[in-house]
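Both of the next two complexes hold chain A, though its partner changes from chain B to chain C.
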Partner chain A sequence: MAGTALRRRLSWQVAKVSAVTTETPSVRTIMLEVPDWPGHQAGQHLDIRLTDEDGYVAERSYSIASAPGEPVAITVERLDDGEVSPYLTDELRAGDDLELRGPIGGYFTWGPQDGGPLLLLAGGSGVVPLRSILRHRERTGSTVPARLLYSSRTLDDVIYRAELDQPAPGVEIIETLTRHQPPAWTGYARRVDAALLGEVEWPAAEMPLAYVCGPTSFVEAVSQALVQSGYPPQRVKTERFGATGGT
Partner chain B sequence: MSPVSRGFHRRRQDPGENAGRIPPGQYLTKDFPVLSAGPTPHTALDRWSFSVGRAGQQKTWTWDEFRTLPSQDVTVDIHCVTKWSKLDTSWQGVSVDTLLDLAGHAGPFALAHCDGGYTTNVPVEDLTGGKAWVAYAYDGQPLEPEHGGPARLLVPHLYFWKSAKWVRSLELRDTNDPGFWENYGYHIYGDPWREQRYAGD
Partner chain C sequence: MQAVDGNAIGGLLLEVFGTEMTGAATVCGTCGDARPVGELAVYLRAPGTIVRCRTCDSVLMAFVTAHDRMCVDLQGLAVLG
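Let's look at the complex of A and B:
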């Protein structure tokens, strides 16, 4: 599992917010102008640092939502008991400065050379790095077959809804709504488990490459089910965000 | 000096008397978040073993043998590079001092190998002198697989990615070769008090 050595120093820099767009009632995409961005891989993240007038500092990591070569963007879900995410979703606006450094991480990444077929599994805002992968696939002209299985609570919680309604050729989007479904909903209406995965996953014999991102419970359940259906653990990459609420 | 973020106000309570226990850039959590790069391995205890030493000349214990080694109960603060810190976590495990004494080997560097292929590098002097354990219980219960069970390395004075989950061996080496995350740009040493998150910090 040797990685690409990344030995460049990651310096803090001040980016400019160029736009903030509403994805869902609790999710915003923040477009950034970063003066010294070395480029990123699809699936990487960056660190944000906020400083208040007393010098108090809060740092958090966010997945990069845009593809390599596109302006840097992050998509942030508000956690009501959080400290950084409510600021990013509710207070930050175009023209503001935002201190960041990155890109960070090099394992949960995909490029055309990694091949596929791709099985992308998203729980909630875990879709963010997978969206970067899908955009990168399309921008590079890759023909690797890709499936995204995306689990949300309700239709209103679906991030990138318009974009996902128009998938690129060779991409299948499969959605499940676990809490509430609108009338005439044709997607799945239950939590992702082994049975549901069995209906959508590529056969293990095709040597698929799986990326699983979401809350810990989602990632644990999905990655275990994939391994049990014959996916080699080395072909199942995971990224988890625990709810780190509380104080 | 960081610029002030317009409209940002602290929302977390001042940690008060615990302020000195929280490294720069970290925040306190009472949860125990789970982070790992791949699926959680589930190794049966009758197939589990633990080895210490130089490659090819390692001392190996079965699970049953390992559990007869003298253990310690320790309560320590832990700090994850993803910014959370958790205070007063309680563990039970075997001191790495004990393991190295029994294996009859010493440093200068160790590479921890784990089920699932994960590795991480730690200088042996950071594993000795009562600073590190191979822990198999958390809060009085067997360590859950999601948190690294059956056993994980516990090196609380370094960022928690050094406390490798599902650890199976400590390979002693002459060179400080980077492990898994260290190869992906994370700091070769990882001292939270110097905020050594990434290479060059």
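Let's look at the complex of A and C:
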């Protein structure tokens, strides 16, 4: 029947954790085996549901860290006052079950047909869906030029550090550390603002496609600056977290 | 309380509408501001889930679950889809 795929019921299902890896002191990547996974697009999410002994339920949405076609993975930052993330980062082990539903979302997504050049702007764990986009770009053989500007507090807070140190051809990684920089740091050492964006962004005339993901304050500042520099609002896709670990 | 955005309720909207909605167009019924759902301001920790206009702060959508039923209020929207 036409429309069946679109009208797929979004059902909760139980996935199995296949591995948990440490990205930073407060961030873990959780690899999942999901029995009934229809495939996802780069930039999509899934919802996680935790139920405690007396039936209290907490749900949160997490960006998918892996590219389409790769095993499903999420990368989770521990929020000290969080209801869900401390369990995911501190308690969850390989072999555990985890209830989830997804994939979800069609706004903050990218595929090779969307083109570029790509300007990816990440604050803190906002890098997660952008990593999925970069991996998807590489796996599909896309030659769209891509720049990732990634703001973290310190070098120890940089997620996917080893991977980002070896970018694929056509990808530039530009980092800024806003709180503390190691000796001989050659990246930026300040918050992302209009001046910094002016040094790294593609000229608006090249019709770039921007994806901005991070805490609300980061996304607001960056997306406004991009629009002021001539990016059409519909070419600036945004995704905001609530209060998180910072940039 | 800090807002997230419409991307965070993609699962809820898929549950309610049966289709992906984060890219759907909206027009605020109060000020006429037009944006995709993914751009709207979303408050998750209100009683229920509240979606507001980024320009005039009007309530566009409200979702409240009570007695195993979800109540959906879309009165603040002029356009959705």
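Everything below uses one rule, namely that the second predicted complex is superposed on the first by the 237 of 247 C-alpha atoms of A that agree within 3 Å, B and C clash if a C-alpha of one lies under 4 Å from a C-alpha of the other, contacts with A are read in each partner's own complex, and residues count from 1 in each chain.
The rule is short, and it goes like this: a residue touches a chain if its C-beta (ideal position, glycine included) is under 8 Å from a C-beta of that chain, and two chains touch if they have at least 3 such contacts.
Everything numeric in this text was worked out from a predicted model, so none of it was measured.
With the C-alpha superposition on chain A as described, chain C and chain B clash in the combined arrangement.
Once the two complexes are overlaid on the shared chain, A:T238 sits against chain B and chain C alike.
Of the two partners chain B and chain C, more residues of chain A are touched by B.
When the shared chain is aligned, no partner comes close enough to touch A:P203: not chain B, not chain C. When the shared chain is aligned, no partner comes close enough to touch A:P71: not chain B, not chain C.
In the superposed pair of complexes, A:I104 makes contact with chain B and with chain C alike. Of the two partner chains placed by the overlay, only chain B lies in contact with A:Q224; chain C stays clear of it.
Within the superposed three-chain model, A:L10 lies in touch with chain B and with chain C [touch as defined at top].
With both structures placed on the common chain, the touch criterion links A:S61 to chain B and to chain C. When both complexes are overlaid on chain A, the residue A:E53 reaches chain B alone and has no touch with chain C.
Once the two complexes are overlaid on chain A, the chain A residues touched by chain B in the first and by chain C in the second are 6-7, 9-10, 47, 59, 61, 104-108, 216, 237-238, 240-243. Remark: chain C residues 2-11, 14-15, 18-20, 22-23, 36-39, 44 touch chain A in the complex. Per the touch definition, chain A reaches chain C in the complex via residues 6-7, 9-10, 45, 47, 59, 61, 101-102, 104-108, 216, 219, 237-243. By the touch rule above, chain A contacts chain B in their complex via residues 1-10, 12, 14, 47, 49-54, 56-61, 82-83, 86-87, 91-92, 96-99, 104-108, 216, 220, 223-224, 226-227, 233-234, 236-238, 240-247.
Residues of chain B that touch chain A in their complex: 2-13, 24-25, 27-41, 82-84, 116-119, 146, 178, 180-181, 183-185, 197-201.
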